[in-house]
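After this come two complexes, each holding subunit A, first together with subunit B and then together with subunit C.
Right after this comes the complex of A and B.
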């Protein structure tokens, strides 16, 4: 046995990271925790409330509704964006001058500031002056996203698909181009159909990047705020009030800091939990 | 099974080749007799892999003809040529079991499942893959994986020629010897034509009945040579 001398000075090098994480994550989070368990009437005076706010939030219909709407929204956009993104990535050229053209076109929606995306779609979909809204009404479809919940949902989903499918495309494309040519040659020799090549080569080889793509899309869509507040503001009524919009209404609209803080923590743990379960399941398969 | 003839094959990866140096292969005339074991020996970049590609149909030659027996297959696609190829790195279908990997080429050809099963088990036995045949192929070691790539060629009964493109590159030194003898033994049993590409003289000489040695044609000075077949390929018969 060779015994290593332990150098405590190594801790010194970790200090910058500890400070960074403390100031950008832990300390702000602790402030929220602080509000979640206490009541305040300003002037830095706090009263201990225990789990009251958590019980209130978890038992409120308002939270349940927002949560259900959120789950529905995230499920729908994942079900559209992931298959669509893969399909587009598969149909993109692998070499030649069109590669860069396609990549730039794909990256374009990702470069637009989020509130601009919301504003664009708002104007685009307005029933009286917007190209989409006006055209739909002109061909006899009754469409008004400012008054009909269904129209508002369709517009919101279209906007998210337009904005974010590119991310899935780019990640899937990166996964596809990393597959060595020999796999395609072997598949040809084995007489594999196009579908078999997709199922047994392309999809398994894209698994890692797709895991990342689904995780990113899940988290971002679960926390969608900017585009949505500009497009519908959560309306008509509460029909597109997803979790983050509801949270802002609660915290800054009603200034109910206690319940809002409790809701933030629940919200945070839900995102964390789903991500962890999903990632663990995907990676567990990997090791078999 | 078939005799394979390459007639005056030239190939260039450029779209508009003019000079001799533009060609990766020049004036190749070779006949691979039915049931023979051949090795193509030569340094990297001399066109060995290109030549395999031309036989398998993955590369279509700039000029010249490829014959299987008397049939001109120059414009035929890979699947109809009934060839098998083992690549430098093991190509396996990660998410399938070993069994499904071996059955894949047969199932794609719509062979009845009972025949598939007996054929796969037979080949698995030949290659010592029986143990853990229902495990995921991804869990095998690299030589096991390379055996699977080899097995996918062996299961098919319609194979005209099996080609090996430096198949032992990623295999451990001690496993190399074992796999090489396995190949030799397989050739004696199945009697399929085999073409083995390598830059290792020992591999070439232990495997093959006939070694075709390639000169590094692309490294020759431009002006000095007009290459014809007898220049670029010399035969060493044992």
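Right after this comes the complex of A and C.
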């Protein structure tokens, strides 16, 4: 064995990272943990509550409803954005001057601040003055997203599709352009149809980037807050109150810090768990 | 199937990729397109395949004009430098894919794939996923796909370039045999003169979008029509020098002189060009020394390539390379004598045409 001299000075170099991680992740998270297991009435006085808040949150209809709405929202936007994104990526030019034009146009929605997206769609969809809302009513469709849950849902989904499909497009496009030209030639020589080329060459070759696209869209949509709070504020009633909006209502609206902290942790672990399961399944598939 | 290019040219965005070219390939021949990168090998292959339409001229297969026949209907197969296989298919399904497209019956597909897999030593991998195999095996699958199709024309675009040395050597030997048995006409593009020699058959040397010369590989190697062809078909690069003929003597001024060869007699006395392949410059004086002329120069670099040595020398203003078997060590600046084999000398006129 070669004995190494132990240099304690090495610790010195780790300190910045320790501080950084501590202040931006560990301490805030521990504060939440702190609130989740205790009751406080201010003045830094805490009473131990154990799992009470967790039981309360997990057994409440309110949480169940918000959770179901969340699952439904995420499923719908994934089912729309992923196929739509792939379709748009497939129809974009592969070379020539239009490539950059398309890419910039596609990237535009991603560059707009989230609350501006919410405000834009709010105004756009207002039944009395918004272009969309007014036009729909003018042609005889009864549409009012501030009063009808269905209209509110459709508007929310439209907004998310408008805002985020670009991300799927850009990722899918990157995957497509990485396929060597020779694959297409070989397929052409084999006499493969367009559908066959898509199914047997393009889709398998895009698998990795699509995995990432789905993961990102899942996480972001599961945590959607800013656009939604500006657009519908969770209404009408509770119809578009997804998990994050519900959480804010609980924590800041009612100032129920204990249950809110417990819910935050549950929320966090749900996202983590689904991502992990999803990723493991995709990667397992990859290896076979 | 015989292949004929009739004055075919290809111009893309004002750039000439192929100058008007005519080339006629016999049925079931093994043909090599030899040329440097961007000399137009791939474009020629693509024109034959029908992946590109010629800007002018016609492509004929077995006496029929196929210029405007689509790729699918030409019954061709193509293998690329990259290992192109269906990523999600098993090895079996990959090899079977052309047969499935052709609508063959299940048991026939199984039999044919089995035979080809046997031939290419892929039998034990038939159930495996393509991605899990090595590069050599992946390229074998691509070759198997080309073979199983019984295409009338098989186009190979530097298929061995991405393989490691050993596999390349091995496949180089196997390929002509495989395709000879298949009855397909083969066109094989490569940038390596050695590869062209090993593969045999016919060769077309290409330079900047033109076919310089076409013929039997050995003929072209021994008797290139011009300097360009000799240059393309030599690796390491062919050595060149100006020579002067006066009466019956030929000399590299100030270096060496020798008797004028038969073919040279009667030509006017003036400057010509000589080309000597590196392996015709030996480091040791041969026994039949009347056919060898000593040339002296200074060593610039001595490198070892495989089991032979490459000595780069400066000989009165010309950079020459000698290639000889064995490992020889020389130091820079050393003066050495090399012995030029007069029977290996190629003579050219000043405009580059060969004098045989």
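Following the convention adopted for this analysis, the second predicted complex is superposed on the first by the 270 of 288 C-alpha atoms of A that agree within 3 Å, B and C clash if a C-alpha of one lies under 4 Å from a C-alpha of the other, contacts with A are read in each partner's own complex, and residues count from 1 in each chain.
In this section, a residue touches a chain if its C-beta (ideal position, glycine included) is under 8 Å from a C-beta of that chain, and two chains touch if they have at least 3 such contacts.
Just so you know, these numbers come straight off a predicted model, no measurement behind them.
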Overlaying on subunit A: subunit B and subunit C, fit or clash?
clash
Check whether A:192 is in contact with subunit B, with subunit C, with both or with neither, and answer first, second, both or neither.
both
Is A:62 in contact with subunit B, with subunit C, with both, or with neither (first, second, both, neither)?
neither
Determine, under the contact definition given at the top, whether A:208 touches first (subunit B), second (subunit C), both, or neither.
neither
Same subunit A residues contacting subunit B and subunit C, which ones?
180, 182-183, 185-186, 188-192, 200-201, 204-205, 288
Contacting residues of subunit A [partner subunit C, same complex]:
180, 182-183, 185-186, 188-192, 200-201, 204-205, 288
List of subunit C residues in touch with subunit A within their complex
46, 49, 51, 71-72, 76-78, 80-82, 84, 86-89, 97-98, 101, 129
Can you list the subunit B residues touching subunit A in their complex?
56, 58, 78-79, 83-85, 87-89, 91, 93-96, 104-105, 108-109, 136, 139, 149, 152-153
In the complex of these two chains, what residues of subunit A are touching subunit B?
180, 182-183, 185-186, 188-193, 196, 200-201, 204-205, 288
